Every structure is written in C-alpha cells, then in structure tokens.
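In the two assemblies presented below, subunit A is common to both, partnered first by subunit B and then by subunit C.
And now, the complex of A and B:
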C-alpha cells in the first residue's frame, strides 16, 4: 500500500486536501491543468460571507505548500488515465510543454521586455490586460515563465524577427529556455486519488441573449472579479475597456440551484460600494436561495449598504448610448454603465474530460454529485478515488474546505498503515551558531515584487541607502524574495548572521521567509521583515520620492532591530495520540469513526444510553457507521456520560468523563465538540467549555476561529467543532463535517511531537513582584501566580506555561515593572525602532 | 550562584536563596515549608543543598488602584 495521494485540481479544495494529507504524514502529488495553482479562488477579489481578501488569504498558503518537500506540484498537466486499485494506483499524467525549464527559471522577467511579440490577451484575466509571447500565466505560483507556442514567432517560423537567436535566449542567464520541449507523460504510483477539479461559469445561450459577447460592457461575474482584484488588469479600480469608471452597475443572477451565484453578486456589489460609495448598484435576481444564516446576514448587510435588490424573472437588454446597457424589467428601465451576469455553475472542462477518462458517473450537469441515498458524497464508484469541493457540486469556499478535509480523512483512513512511509525527511539544518554579543553582519534582501515595490519607489536610491546602514555587509535585489533563491544562496556562504528582507507583510509571509532563512542556515529568529509593500509602496503609490524616503526609514528601523535579535530554539511538545469527541450524533460518530479507521485512539462521549436509539442517528448512513464504530477497537464509546473538567493544552489535555458509575480521567491530544447540546457535567466536576475558552453565539452554536479557511477550528489550539456545534445542518453535511474535523485532529495526534514558536512570555523573576496585573488579562490563561519562600519571607512571582502561551504580549503591556517580556519582542527592540525614527540615542 | 528559578517536573520552582551545608538541615527546612503548603524540591549542587519551593495562589488580589494604564 502506498503512502502518497494524487490530487487533481489545485483550487482551494485541492490545495487544502494536500495540506491536510501532508500534515497527517502522506506525500502528495498535486496536478493542475493551468500553468499556476489557485483555481477560481486565485481569480476572485473577496470571499463571501466573510469579505476576506482572497489573494491575501491564499497566496502565503500556496507558497508554503509549494515549498514543502513532501509536495510535488505538476502544473500545466492533465491526468490521462488511472490504473490499479485502492492503495496502489498508477496515474498517467501528461505534462504540457512550457518551453521554459521551471527548475532553471528564476522569474527574473528579463526575457519579457525583449520579446517582440506583445499584446496577447491574458487568459487569467479573461482577455483583459496583455502579455508577451513569453510570460507569467498569473501572479501565483509556481512563478515560472512559459511561452505561448501559438504566438511565439520562433516556434512558429523558426526565427524571432530578423534574429536567428531569439532575444529571450540571449538575455536568459540561467539558460532556462528550451524550445525543443515536448509534451511528456509521467507516471505516479499512489495509494489514493482525490478529484478537486472545481467549477466554472456556465456559458449558455441565455447569456448571449442578455448581451454577453455582443455588447462591450456586459461581463460575467468572474470577469468582474478580475476588475475588482488588486492584481487584476485595472489594479483593483473597476474600469470598462474604454477606461471609463462605471457609476451605475447592475448584476443579474440567473436561476441557480446553488446559493453561490446570488452570494457572488452580493459580494461583488459590496466590493463595488466599498470602492465607490456613490455608485448606483443594483442586483436583479430570479430567486433567492440563501441556505445559510451567515449568507442571510451578509445579504442583509448589503441591503443596508445602499444596494438595490430587485426580483424579476423577465429582463431584457439593449445597447445604450456611449457603450451603456439599457435594461428593461417588469415595465421598468435601468441604464447601466456595466452589466454583470451571474450564470449558473457548470463543471470545468477538466471535470468532464476526467470523468470520461476514468469512467466515473456524473449527474445531469456533469458534477460528480450523486443523487442517490446510498452513495457517500465524497466517494466515487471507484474505491480509493474520492471527490471534493465544487467538482462534487457548486459550493462556497468554506464548504469546499470542509469537503477537502473530509476527503483527506477518507484517504488517510484508507492508507493508514502506510502513514509516514514515503515522507521526505526535512533537510538537515546546518545553522550558523550566533551568540549574544556577536558583531552583527547583516544581509539585506530587497524584493522587487514585480512592480509592487520596484515600480513605486526609487530602488537604486534605496539600495544605496541600505548599503550605508550599520552592520549591512551586502544588499541583494531579487525579483521575488518569496521564492527563497536569493535568501538561501547568500546565507549559505555563512558570511551573514542577520537577515533583513525588504518585501511584503510578515502577516502573510513570515512562515515562508522563516523557512527560506533556515534552509539558508540562519536561525529564523535572526531574520527581520521590513514591510515595504503594504506599509509603503501600496499606500504611497502616487508619491515616489516620499515612498522612497519612507522605505529608507523602514529599512533603518529594520536594521536597528535586526542587530539586537537573538537566536532562539523552537519548543518541542510531545503529543498524546488520542482524541475526545463530545457528542454521539452523526458528526461526532463520523469524526470518531474516521479517526479510529486511521488507527488513532478516540473516546466518544454521549449523554444518551445508546447511540443507535437517538432520533437523529436513525439514518442508514449513521446506522452503518455505528456498526463499524462498535467493531473498531480504537474507538471507546462512553454513553450516559458527560464531560467535566478539561485541563492542558494542544497535544496534552486531561479530561474527566463523568458517569453515574464514576469518573474516568483520560489523556488526549485533541478535543472535538460535535454538539451544541449541553454536555457539561454537574458544576462541581468543572466546566469544559470554560476550561477550553469556548464561546457560544445568540443561537447557542459555538463561535469558532475567524476566517473562511478555518470553519472547523476554535481559537483554542487543538480544539475543533463540527456538525450541530457549528450550525444547523442536514445529516450528510454533518457527516462530512465530522470527517473533516477528523482530519484536523489527525494532523495533531498522528504526530509524536508538535513544534511551537519560542516567541513566548518569559518572567524576569528578579523584577517580578507578583502584583498579578498580568494574570487575568492573559487571553490564553497561560500565567499562574505562585508564592515561594525566600530567606524566610513569602514572595510572589508568575509562572508562564510555555505550551499554551501564544506570545501575544498582553502581559508585557500590563506589567509596570518590566517583569515579563515576550522573546523576540523585548522592550529594547521597540526602543531602537522608535529611536531610529526619531534620531534619539 | 544557583539559578533563582528552576523548572522541575514541568513546574517552576524558586530557590529560597539559602545554602544548607548538610542534607539534614535542608530536609528540615523542606519539611517546614511543606507544612505551610509549599511544594518543595531538594537539589544537591557542588557540596551544597538547595531548597526550591512553590505554592499556587488560587485567590488573586490585585493591589488597590487596579491595573496601570
């Protein structure tokens, strides 16, 4: 049995399934038909209903994933066939020629300006914007150039203009251009396959009847997303092709069984109003299918934001003056300067091709969704081949994420005996020893970030200035620092003991830059990120001289802090390989069963006498699961039980299971809450909800972590929620929720130890007098006040639990005596930052 | 000079800042501390006996005036 999984489709579902499986100890091959990964999520501006920026959310995760040694990304490729059986598949993949060797291309972009063939419409932007014959497909990874063989004159005619040697070849220092590249078939031997081929807009005749393809300013919703996107062809300013900024925009949501279409229109209308509060924004729709409370809340917020919602099932369009679109509906008229159509969703071409190639059953629309009661939504007709995300049926991103986690759980359960058999061990670290007091020798890497930084300030001036800063030994300018090439190569010389990266936000890129820093041989805590992009060039994009001055100040601040940084070692916490699942309902049972099938110990606690006798479990899926549960020796079911006190932290909790017959104390590494019902034992047994810092909303559901990519997570590390603990849902959704949560849990308890940041609180006992100001404000409840004896007097101090401290710094802010600080954020670090701005010593 | 704080068995213990030349003296002190509800640890270091203590405060009283801003 193989310990690897091949995933087809690198949208949010495919990427998440990949990340979950790697985290659980499996190797992943991710095949994507486009030249870059990200799927539709990479093309949209903001995600509903949270209104989070899609690019900011997904890009760092893409970069981390593509940097993982256990991940093989095969982009610009398609699956041609799958042979074998569950546990041992042979998958044939056809790699299309890029005419550029991705192993050699450094993304320097030197080839772009010398290419004489330009004006090629950008497919990623649906024809808006233009690129050369050699180009980047999108701003997303893998950031490697490719050549359009239908436009490149050297490929078509054997010469480039009047030159025998194409200029792109002449300027390419790493000699990455390979005109002789041919399609290549490669075979992967894997244990399971997950199909995550996504969805697309359905281009029907109805769109044409509404002016699409005929009138210049009629777009589809996905095309409009590119206009809203900061990385789109208009830089996030909505403009028509005639450069005019539309003041009145209308959406029309065609009849759609999924709520996704209507919510897309709501999100785009909201994005438009955010940019231009005076715009006239109207959404026409045939019907509303909100389906979820959070969708309804988002819609109501939109209604309060000056967006008109008009129900109509009869709308017609005519060409108006000046490129406008005249709409007529229910005997009314509306003059739109831009008209956006939201069609129903269809499977991608890749889904349709693949279903035929693999002989898999699809529904009437072509999705892998099965409308029978007997088939699990994640399963296909072939054992070991699973499906998730919008390839199964159209859905929002958070639902795709949950399905991806569920699919990962299924694959992990199937391949459990082969867990960690194919993992590539992390490369040996050859870290330069750096002691406090060593003279700083600083490497400064300044990232061009395409035009995001280099185009918006005087880079030469900034480089010269940075070279003049104390301790700076070398300044390197790199096209994209996030690819890690410049960082690793220079650090490997061991000439530097500090690193400053002038690039983008640590919020999104710190983990990635840390990885590159350690791969270069420098302790990650000796690296300082200067946010030139978000804090400077993006916010001062119209004033280059001032942006340059501010960038110099930011680099000066970064250098001053970097000089003080100290090497720190990660904290390793051992893990108890077991889980407590609270709630014996469909999601709790599904979660426990998947964990048990994955070979992990689990305690399932329910207050009823018999899991099979509760009404919600009287369903053929659930009944079958209960039978399997009872025969799985990894699952221990505790009925007529509740949960008392829970102490500890991620990887190491201790919980009390309270029964009439007596209490049982269990050690577990993770906790799942699967019900919104009250599972707390009588008060003298403790309150696990309070112990784990869980909160409920006004409908009594548990409130989880913010962020559309974290639907199953609580803010307390190692604690998860699913099913009716999250919201009201049907049985199948509850099962998928539970299985998805099993993947989240397995990512913790299948490991022997967890690695934790050492940037946590440290008590300075010489200064701490135990005033206790810090205790209550600590959001992680990581601080304990202790008394001790000192020369016959009782003194007080504080104990910080390094396993649960999150390094937020609240304690440091409350302490009047400098008696506690967060490593890596010492008070003197802030002092030098301020002094380097004010010029004080 | 011994460390003022030591982590033992996953818990933070504080040195009582006294040197006990014999084990018996240290054990006597230890017993006295334990009688007052302290957890204790005895550490032998370079011919000295060191006593470490801790006692978790369950009822926290903030000094008058409340937290500083």
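And now, the complex of A and C:
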C-alpha cells in the first residue's frame, strides 16, 4: 500500500486536501492543468461572506505548499488515466511543454522585454492586459516562465524576426529555455486520488442574449473580479476597456441553484461601493438564494450600504450611447456604464474530460454530485478515488475547504498503515555552533538576478559599499543566489557566522535561502535577506543613482540586524496521540470513526445512554457508522457522560470525563466539540468551555477562528468544532464536517511531536514585574501570570506557552518594560534597523 | 540634480499583507519615492510605540508609516486592532512632543493592494516635503 496521494486540481479544495495530507504524514502530488496554482480563488478579489482579501489568504498557503519537500506540484499538466486499485493506483499524467525548464528558470524576467512578440491577451485576466510570447501565466506560484507556442515566431517559423538565435535564449543566463521540449507522460504510483477540479461560469446562449460577447462593457462576474483585484489588469481600479471608470454598474444574477451566484454579486457590489462610495450600484436577480445565516447577514449588510436590489425575471439589454448598456426590466429602464452577468455554474472542462476518462458517474450538469441518498458525497464509484470542492457541486470556498478536509480524512483512513512511509527524510546538516558573544563575520551575497538588480543600480558601487560595512568579510556577487551554489560554497569554508543576501523577497524565498544556508552549515536564523529587488530596483527602476543609494541603505540596515541575530533551534512539543470528541451526534460519530479508521485513539463522549437513542442518529448512514464505531477498537465510547475540567494545550490536554459511576481522567492531544448542546458536567467538576476559552454566539453556536479557510478551527490551538456545534445543518453535511474535523485532529495527533518555529515570545524574568498588561491582548491566549517565591517575597511574572504562541509580537509591543520579546524580532533588532536608515549613530 | 529636501520615511509592514503588497508593487514595477524604507515585522501589532516615538524624537526619520492587514484579515485574528489602538496613542504623543500628526500614518494594505502602498508612499512623501524636516533632526 502506498503512502502517497495524487490530487487533481490546485484550487482552494485541492490545495487544502494536499496540505492536510502532508500534515498527516503522506506524500502528495498535486496536478494542475493551468501553469500556476490557486484556481478561481487566485482570480477573485474578496471572499464572501467575510469580505476577506483572497490573495492575502491564499498566497501564504501557496508558498507554504510549494516549498514543502513532501509536495510535488505538477502544474500545466493533465491526468490521462488511472489504473490499479485503492492503495495502489498508477496515474498517467501528461505534462504540457512550457519550453522553459522550471528547475532552471529563476523568474528573473530578463527574457520578457527582449521578446518581440507582444500584445497577447492574458488568459488569467480573461483577455484583459497583455503579455509577451514568453510570460508568466499569473502572479502566483510556481513562478516560472513559459512560452506560448501559438505565438512564438521561433516555434512557428524557426526564426525570431531575422535572428537565428532567439534573443530570449541569448539573455537567459541560467539557460532555462528549451525549444525542443515535447509533451511528456509521467506515471505516479499512489495510494489514493482526490479530484478537486472545480467549477466554472456556465457560458450559455442566455448570456449572449444579455449582450455578453456582443456589447462592450458586458462581462461576467469572474471577469469583473479581475478588475477589482489589485493584481488585475487595471490595478484594482474598475475601468472599462475604453479606460473610463464606470459610475453606474449593474449586476444580473441568472437563476442559479447554488447560493454562490447571488453572493458573488453581493460581494462584488460591496467591493465596488467600498472603492467608490458615489457609484450607483444595482443588483438585479431572478430569485434570491440565501442558504445560510451568514449569507443572509452579508446580504442585509449590503442592503444597508446603498446597493439597490431589484427582483425581475424579465430583463433585456440594448446598446446604449458611449459604450453604455441600456437595460429594460418590468417596463422600467436603467442605464448602466457596465453590466456584470452572474451565470450559473458548470463543471470545468477538466472535470468533464476527467469524469469521462475515468468512467465516473456525474449528474445532469456534469458535477460529481449524486442526489441518491445511498452515496457519500466524497466517494466516487471507484474505491480510493474521492471528490471534493466545487467539482462535486458548486459551493462557497469555506464549504470546499471542509470537503477537502473530509476527502483528506478518507484518504488517510484508507492509507493509514502506510503513513510516513514515503516522506522525504530531512537532509543531513553540519551546523556551525555560533554563540551570542561571538564576533560577527559576515558573508554578503548579492544577486545580479539577471538585469533585475545588476542592471538597475551601480553594482560596483554597491559591492564596494557593502565591503566597507562593519563585520562584512567578503562580498560575493552571484548570478542567482537562489540556485544556492554561491551560498553553500562560501559558507562551507566555515569562515562566516552571518549571512546577508541582497536579493529578492523573503516572502517568496526565505524557505529556499534558509535551506541553502543550513546546507552550507549555518543556522538559518543567522541569515538576513535584503529585499533589493522588490523593494528597491524594481520600484526605483527609472532612477539608477537613487536606486543605488537606497540599496546601500538597505544593505546597511540588513548588516546591522544580521550582526545581532542569534542561532535558534526549532521547538519540539511532544504529542499525546489521542483525541476527545464531545457529542455523539452525526458529526461527532463521523469524526470519531474516521480517526479510529486512521488508527488513532479516540474517546467519544455523549450524555445519552445509547448513541442510537437520539432521533438524528436514527438514520441509516449514522446507524451504519455506529456499527462500525462499535467494532473499531481504537474508539472508546463513553455514554451517559459529560465533560468536566480540561487542562493543557495543543498536543497535551488532560480531560475529566464525568459519569455517575465515577470520573475518568484521560490524556489527549486534541479536543473536538461536536455539539452545541450543553455537555458540561456539574460545576464542581470544572467547565471545559471556560477552560478552553470557547465562546458561543447569541444562537448558542460556538464561535471559532476568523477566516474563510478556518471553518473547523477554534482560536484555541488543538481544539476544533464541527456539525451542530458550528451551525444548523443536515445530516450529510454534518458527517462531512465531522470527517473534515478528523483531518484537522489527525494533523496533530498522528505526529509524535509538533515542530514549531522558535520565533515566538520569551519572557525576560529580570525585567518582567508581572504587570500582566500583555495577557489580555495575546490573540493566542498563550500568556499566564504566575507567582513564585523569590528570597522570601512573592515575585510575579508572566509565562509564555511555547506550544501555542504564534509569535505575532503583540505582547512585545504592549510591554512597557521590555519584559517580553519575540525571538528573531527582538526590540534591539528594530532599533538598529531604524538607526541604520540614516546611517548615523 | 536638485537639492530638494527628501524626507526619510520608515515603513513598518506586516509580513502577511502589507509587506506582500510592497512586493507586488515591485513585481508590477510601480514606482514610488526611494526615501521609503520598509522594515518587516510579523504583525502591525508587533510595532512598539517606542519604535515610532524614538525614531521621530531622535531624528532618525521624518515620518513613520505603519501598515497592516485590513481589519478582519489579520493573520493573528486581531493584532491589527491593537495596532490601531496604539496608533491613537502615538498620535496623542506626537502632539506632546510638538510633532505634526502627518509624521505618523497607519494604513491597512492588503496583499493585492500594491498600488495602494505606492499611493500612500507617494502621498506621505509629498505631505512631509511640504512640512519640512523633522524638527528633532540635527
């Protein structure tokens, strides 16, 4: 049995399933048909109903995934067939030619300006904006160039203009361009497959009848998202193709079985009003579909913010003056300067093709959704092949995330015996011991980055200046620091105990540079990245002397911080490999069962005498699960029981199960709250809700962590919620919720220890006087006030729990006495950074 | 070259949103004045008011820009709300020290708002130019 999973589709569902499985000790191959990952979530601006920024939310997840050694992203590829059976599939994947070797391309973009073929409409922006024949598909990872074979004249005619050698090849220092590349078929041997191929807007004749594709300034909702996005073709200012900023915009939501359509219009209308409060914004709709309370609340908020909602089932369009669109509805007329259509959803072409290739059953629209009630929504007809997200049925991002977690827990349960068998072993490292008092000896590496740095400033001047900085022993100029060659070779001499890299952004390259630093034998926390490219040369590219001066300042700042940096080691927190599930309802039962099937110990606590007693459990799905639960020796069911005190933190909780026959104390690594019902034991046994800092809303549902991507998480690490604890839901949804939560839990308790970044808070005992100002502001609730005896007097101080601190630094900025700091972000680091901006003392 | 006064601005940018916005301004080759210097912090809530006040009263900078995620987008749930509270306190302190309120600015800039970062950088530079050098500069 294989310990790896192949996931098709790298939208929010596929990415999340991948992250969940890696976290549980499986290797993942993520196949994406587009050249970059992120799916539709990468194209939209804000997410409903929270109005969160989509890019802010998904980009860190993308970077985390793409830098994980157990993750193989196969972008610009298609699944051609799946042979074998559950536990041992052979998946054929066709990699489309990029004509650029992604292993060599450093994303320097030197090839873009020299390419003579331009004006190619950007597919990612639905035809708005233009790129060259060699280009980036989107601003998202994997950030590797590719060549459009239908536009590149060298590919079409064998010549680039009058040149035999194309200029892109001439300027490409890493020699990444490979015109001879052919489509390549590769085979992956995996234990399970998850299909997360998403949904698309349905482009039917109904759209054409409403002017789409015929009139200017009629676009679809997804196209409009690109105009709202700061990374879109208009830089986040809504503009028509004639550059005019529309003052009146209308939406029309076509009849749609999914509430996602109407909500998209609401979110876009809100985004428009936020940008331009004077705009006239109207949403026409055939029928309103608010399946959820939070959707309804979002809609009511929109109604209060000057957006007109008009119900009509009879709207017609005509071309107006100056590119405007004249709308007629119910005998009234309306002039829109832009008209946005929200069509119903269709499966992506990828979904349609793949379901045919694999011979899987789909519904009348082509989704994997099956309305017969004997099929689990996550299952397909083939054992070991699961489906999640909008490929199953159109849905919002948070629901996709829950399904992705559920699919991950199904795959994990199937492959449990092979957990951790295919993980990449961590590389051997020989790290130089560096103590805080050691005199800094700094290696400075400056990336030329093609022309991106070297061409936009006076490199010689920068190198000479960097040499003159204190502690700098050597300056090495390298074509691309990210290849690791210069960094590793120079560090291996052991002549240096600090490294500063003048290159690109730590956001995108910190993990990679850290790896090179450690492979060279230096602790990763002794490395400082100076963002010369994104924060200097690129943004001052029209003024070389100023860019040079700024680069000198940035190097000076980086050097001053690097000199203070300290070696740090990861934090290891041991984990008790068991879980407590509170509430024996469909979601609690589903959660416990999936954990048990994954070979993990679970306690399921319910107040009834028998799990089958309540009405909601008298359902054939649930009854079947109860039978399985009773025969699974990993699951211990405690009926007629409630939960008392719960102490501890993620990985290590101790809970009291309270029964008439006596109390039972259990050690667990994680807690799941599956019911909104009161499961608290009598008051003298403690109160787990209070102990775990859980809060409820006015409808008695638990309030969890903010954010569309965290529907199952509480703010307290290691504690999760599902089913009726979150909101009212049907039985199938509750089961998926419970299974998804099992994946969240398994991400913790399937590990022997949690490995955490050391960049978290540390209390300075001599300075902390126990004033406790820091305790309440801590968003992770990681701080406690403690008292102890010191020389016959009571000393008060604060203790930071390293298992739950996230290193945000709110405590550090609250403390009036420098009594607490975040490692790697000490106050003195900020002080030297600030002081070295001016270069004076 | 003109000898026009160039104000020095220090911008604290949170790792998750505004630092990424500044990165994307670079990727899009948007241009802003070179006197804006970005310091990366994990959260806007990590910036101690002392950093801001010391930088200004010791004449290290002519203006300080503090940037975080929009309210509701904070990677740590509500660190930016703390930053917002501190910004109010900083504004009051500026007055006590005889500094103009334009010398400190708090902005919420999301990862996709590179253009907004640029606009803020330009606008703040313009405002500080009008104001003249930080009186604490020697």
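The rule is short, and it goes like this: the second predicted complex is superposed on the first by the 621 of 841 C-alpha atoms of A that agree within 3 Å, B and C clash if a C-alpha of one lies under 4 Å from a C-alpha of the other, contacts with A are read in each partner's own complex, and residues count from 1 in each chain.
Keep in mind that, in the parts below, a residue touches a chain if its C-beta (ideal position, glycine included) is under 8 Å from a C-beta of that chain, and two chains touch if they have at least 3 such contacts.
All values derive from a computational prediction rather than experimental measurement.
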Taking the superposition on A as described, I'd like to know which of subunit B and subunit C A:789 touches: first, second, both or neither.
first
Tell me the contact category for A:835 with respect to subunit B and subunit C: first, second, both or neither.
second
Subunit B versus subunit C as contact partner of A:776, first or second or both or neither:
first
For A:825, is the partner it touches subunit B (first), subunit C (second), both, or none of the two (neither)?
second
So in the superposed three-chain picture, is A:539 touching just subunit B, just subunit C, both, or none of them (first/second/both/neither)?
second
A:797 contacts which: subunit B (first), subunit C (second), both, neither?
first
Going by the contact rule set out at the top, does A:660 touch subunit B (first), subunit C (second), both, or neither?
neither
Identify the partner contact of A:814: answer first if only subunit B is touched, second if only subunit C is, both if each is, neither if none is.
both
Could you figure out whether subunit B or subunit C reaches more residues of subunit A?
C
Pick out the shared contact residues on subunit A: the ones touching subunit B in one complex and subunit C in the other.
777, 814
Seen from subunit A, its contact residues with subunit C in the complex are 45, 50-57, 59-60, 139, 229-231, 235-237, 505-508, 531, 533-536, 538-543, 545-547, 549-550, 553-554, 557, 705-706, 715, 759, 777, 779-780, 806-810, 812-815, 822, 825, 827, 830-831, 833-835, 837-838
Along subunit C, where are the residues that touch subunit A in the complex?
1, 8, 10, 15-17, 19-32, 34-35, 37-43, 45-51, 54-55, 59-61, 69-70, 72-79, 82-83, 86, 110-116, 118
So, in the complex, the side of subunit B touching subunit A is made of residues 4-5, 11-18, 33, 38, 51-57, 60-63, 67-68
Show me the residue ranges of subunit A that touch subunit B in the complex, using the header's touch definition.
763, 765-766, 770-773, 775-777, 784-791, 795-797, 799, 814, 816
